Amino acid sequence: MFTKILIANRGEIALRIIRTCNEMGIKSVAVYSDVDRKSPFVYSAFEAYPLGGKTSQESYLNWQKIIDIAKKCGAEAIHPGYGFMSENADFAEAVEKAGLVFIGPKADSIRIMGNKTAARKLMIKNNVPTVPGTEDAITDHAAAQKIAREIGYPVLVKAAAGGGGKGMRLVKEDKDFVQSVESAAREAKAAFNDEAVYIEKFVEEPRHIEFQILADAFGNVVHLGERECSVQRRHQKVIEEAPSSLLDNKLRTRMGEAAVNAAKACKYQNAGTIEFLVDKNKNFYFLEMNTRLQVEHPVTELVTGIDLVEEQLYIASGSALRIKDSFNSFNGHAFECRLYAEDAENNWVPSPGIIEYLNAAKGPGVREDSGVTKGSEISLYYDPMISKLCVWAADRHHALNRMLRALREYEISGIKTSIPFLIKVFEHKDFRAGNFTTKFIEEHQSELLGEDKALAEIASLAAILAQIEEQKKIKVISGNSHNNTISSNWKTTHRIRQLRT
Amino acid sequence: MKIFANTRTRQFEYELKQENGNGFLFKDDQPVDAQFVALGNGRYSLIKDNQSYIINVSKKDDTYSVRVAGEHFDVKVEDERTRQVKALVNAASTVQGEKTIKAPIPGLVVKILAQEGENIKAENGLLILEAMKMENIIKAPFDCEVLKFEVSEKDTVTQNQVLLRIKGL
Amino acid sequence: MFTKILIANRGEIALRIIRTCNEMGIKSVAVYSDVDRKSPFVYSAFEAYPLGGKTSQESYLNWQKIIDIAKKCGAEAIHPGYGFMSENADFAEAVEKAGLVFIGPKADSIRIMGNKTAARKLMIKNNVPTVPGTEDAITDHAAAQKIAREIGYPVLVKAAAGGGGKGMRLVKEDKDFVQSVESAAREAKAAFNDEAVYIEKFVEEPRHIEFQILADAFGNVVHLGERECSVQRRHQKVIEEAPSSLLDNKLRTRMGEAAVNAAKACKYQNAGTIEFLVDKNKNFYFLEMNTRLQVEHPVTELVTGIDLVEEQLYIASGSALRIKDSFNSFNGHAFECRLYAEDAENNWVPSPGIIEYLNAAKGPGVREDSGVTKGSEISLYYDPMISKLCVWAADRHHALNRMLRALREYEISGIKTSIPFLIKVFEHKDFRAGNFTTKFIEEHQSELLGEDKALAEIASLAAILAQIEEQKKIKVISGNSHNNTISSNWKTTHRIRQLRT
Amino acid sequence: MKIFANTRTRQFEYELKQENGNGFLFKDDQPVDAQFVALGNGRYSLIKDNQSYIINVSKKDDTYSVRVAGEHFDVKVEDERTRQVKALVNAASTVQGEKTIKAPIPGLVVKILAQEGENIKAENGLLILEAMKMENIIKAPFDCEVLKFEVSEKDTVTQNQVLLRIKGL
């Protein structure tokens, strides 16, 4: 096993990896941009080295510097996290050339699965079902439009090198095509330095269901079951759960086999994820493979009891898989909410700023993987995801209610977050019933936004009392509270919503 | 004295009566039964009609940002006097022929899509604003002439910062 | 199911119960002393009513007032938590007489199991092994001393109505007997209004292993396996775990059967715990029954997936047990650390004060049940336990390392806590090997205290830099840090201890 | 200038050199490679020799209470000057025939076990102090006469508060 590893990432995922290192007695090395000097992942690491700069390009995408630091500080391996260089085959190769271990798959696997068209061809060859669309990446926008017209709208435009919704556009009408492709290409160029895109058919009533796999250097591959990530906004996952409320054991077995075949087809090693779309007739299609640890890996950890980062480290250090069998049953049910610094009620604008107070939800069944703390500044330089709030409970019903409890309990001020929006999703009858697709947010937007009247009244009263308190001129005396008696007017209707589960 | 609290979509009206330096709050002529205890760090424990709430308050400019039970409200508090002064000020201002386009979000100007002096049709792009790695196209609200860009490409802008001036056609 | 319940308790356990209420859509009612007005359990409850007063006698032990509030506010049941009135049969009876449900066993069961001598007789009659000692409670101290001499020292003096170490004394020599008995009786009088004590033989190399049981109104009883609570100081539990590293399946089955028999013998209903001592030859002896929810119930929840408070509510509302079979195997391993406001390095003095900053451990496998937050004042009026930090992992080895990670990660300032001491326990080779008794702390005290030299040096440097920063006259420039280069002197020996697992 | 930091059991010595308003810290004549960045709330990120620590500092009287890696240290910081002043003061003070017994913990005086004027043998109880529901007997450190109790039963006392005065026999 390694004695020291460098983490080429930031935020919650860097801290997540540091925690496993601490538990395994491995020294963790953080690298950080100027903006991140005060971040929890920097002060939680065993060692920390500055990369300088503010933008990703200047810091977390600065390969050579990162590899130099790793070599000089005596790290034996580099963990790329997700995003940044995690799916960059050239980086993986450079790491290996420098005599270090890349904690992830071999460059060839990244390369083929990172190229959507090559991956698609490989899947077709290996009998893994795929969505109709272009075989090759396209840089000629006029040619792309021609193909889009042939497949028929709506189509998806996707960055060939992309992931995580960046450089992705849904095009419903021909007139929007050119602008969408240009914008997607520009985003792709900025994020991945590759402007090629490809076009595919948009699947009807799709649900996003993905399989976690683990593979070692000896050809052993297992899957750890599925995660459902259908609740998305602008192709960004918002809520994930395991297991899926859609799958029965038969479908799980078939999809699990396809996932294992996909991983074997590209000679995969380490942890990876096969993403599928499942349509309204329970047909499933290979969407893409994420050749790295996923943001949403904690829900799998919660229902399998496996520490995926620990398994990654064992595999990367040359061990054979310690898990011998694929998972077709799970312990309980888990949800993850991504907490974004954004204001859903104000057209989802980003909400940068200083976190003035933070008191996370705690107690039974709550797990938080956060990258911030009280006093942290949320900047515009990086992803707006500040934390992942997860719950575990014995079944989906209890997990839904536990997440509602945790979201309501979570105190944060100074910035706005997606929590109020997430609460409305967890209250929504269709989501609770497991009756939803990737279009859930789009279709129910109006029900998922808006002010609760009773709570608005409480907030208004609080604001008035806070202002009076601030002015320090008057002490407001309660109509009743100093009598130590019980209020005569029982306004219990007030907070029905807060208790609805 | 009347006090008004406005959330994004609602207004609530209270009456504050003073006696011997103490204040008594009324709503619909009924005394408000509320204990409001500061816990520090902008936190308050509110017990209203025996129901208990933890409240987080953060003030930005003249807006109270209030978190309660996971919900989030931007509340503007005004008393009668401030409201009257404001009404006078508003009455004095006149409508301009020009319109400014403000940044709906803080972000980075990645591309300017129009020229000064150019006529742009409604819904066509004026400028691309990137925030937290997502691009947002700022579109013309109606057919207009672009008068002046107040920002350049690569500029970082704050929310509500003026991006450009236009004139309706 | 109930629609509203009152919680006749404070601190972390009140909040624990509120959380389950919130998840079940049940309205929770908190009652609080003047000292607790700002406590998390008060502002987290659905409703909150003042009891007035500061001492327990004035507030949480003020039965009539609590029952009055419950009736007036429309609560249907009262949850007593642990401590205070949770094992007071007269209170349970008064609650039932007021037409409310007591969430716990019937008064008769509390009465017989709360009277140590009666419980002992009942156990002997039902073939549950017991420790040699007095059959009856004693108020005549001279008579007590006579019996102690007959049994032979060391003996334990215990409050007949006691629990949780209050009113308990270990007497090693005859000369200390009278003072110990008087002191124990005084504590017992103050805490339980009953000064009777009893005397028993002190078991050799004892390990404290207890079984969680659940019983319904229809005579169904199951056990949920054991918790080991051998790590104790002054008879107060400090660390608990499930399962025990001592038990094999055979012993577990025998002890589990004895536990179920003990519960049946007293016609038990609701959640309860049968405490046993296991001696060096794996003989086990009934110690006492705790007729309430235990402080350490979370470790059982973590390895069984059961929400014990939810089960308590179902049983109290008249449902038959939803769990049909006793647990003889578990999912993974769990530890609980009780975090006390005390300074182990300074003779364990209490450390009251204001919590100036608090950032709890988070991430994979960490559960915290805390009764405090940043800004909370730790007073001298109540128990010094401020929080329970729990971890779950796939096995004991991983759980040990995860707890070490969590304890080191836990930031708290303004008061001193037992964390530094707990770290040393989790580092100790005998504890790690599962080789310990209830005398572990006593026997290893010197190894479990003392300053780590490398960290003392870091702390000293930090104090100097903090003082210079405070004076704002000089800006200290690092010997190296502004070069963005890697330090040439690799002092990695420094923090070996921090990584030892 | 020399600076001394004392934990309960150890002393560390540093040298602070000043130049143009900047300070340079040395230990054993080597420059200290340490970045110390305030995060607010008494928190600091210390990176020393590239090793990273989160530090919580809380000051009480003249003691810095420092948490690092789960450990807890009470550190007293003194520079050469203060140390010299202190030495002078200490030299001036003389040993008293009387001794005070101070409260080792904060708590409640539940019972006074001796009378003023009474002679008490070493290890016998003087007073019972209760804190957080546990009783602690304060015993005579040596054979002594009780001169005066400075507290009464039911009094709440702080740590280091004088409980009584005794005189050795």
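Observations
A, B, C and D are the chain letters, set down in written order, and residue numbers restart from 1 in every chain.
Going forward, a contact is a pair of C-beta atoms (placed from the backbone, for glycine too) under 8 Å apart; a residue touches a chain by one contact, two chains touch by 3 or more.
This is a predicted model, so every value here is computed, not measured.
Compared on C-beta pairs in contact, C-D and B-C come out with C-D as the pair having more.
One inter-chain figure worth recording: subunit A and subunit B are separated by 30 Å, centre to centre, where each centre is the mean of the chain's CA atoms.
With each centre defined as the average position of its C-alpha atoms, the distance from subunit B to subunit C rounds to 49 Å.
Separating the CA-averaged centres of subunit B and subunit D is a span of 52 Å.
Along subunit A, residues 44, 46, 49, 73, 374, 408-409, 486, 490, 492, 495 each make contact with two or more other chains.
Looking at subunit D, residues 41, 43, 47, 50-51, 53-54 sit in touch with two or more other chains. Pairwise, the chains that touch each other are A-B, A-C, A-D, B-C, C-D. Interface residues of subunit A facing subunit D in the complex, by the touch rule stated above, are 30, 37-38, 40, 42-49, 73, 374-375.
Across the complex, subunit B is touched by residues 166, 179, 183, 186-187, 191, 234, 343, 345, 347, 349-350, 352, 356-357, 374, 380, 382-384, 407-414, 416-417, 419-420, 423, 450-453, 455-470, 474-481, 486-487, 489-492, 494-495, 498 of subunit A.
Within the complex formed with subunit A, the residues of subunit B that make contact are 3, 5-10, 12, 14, 16, 18, 21-25, 30-36, 38, 41-44, 46-51, 53-59, 64-73, 75, 77, 104-108, 110-111, 125, 128, 131-135, 137, 156, 159. Taken in their complex, subunit D has these residues touching subunit A: 37, 39-41, 43, 45, 47, 50-54.
Touching subunit C in their complex are the following residues of subunit A: 15-16, 19-20, 22-27, 44, 46, 49-50, 52, 69, 72-74, 298, 301, 305-307, 331-332, 359-360, 362-370, 373-374, 393-394, 398, 401-402, 404-405, 408-409, 484, 486, 490, 492, 495, 499-501.
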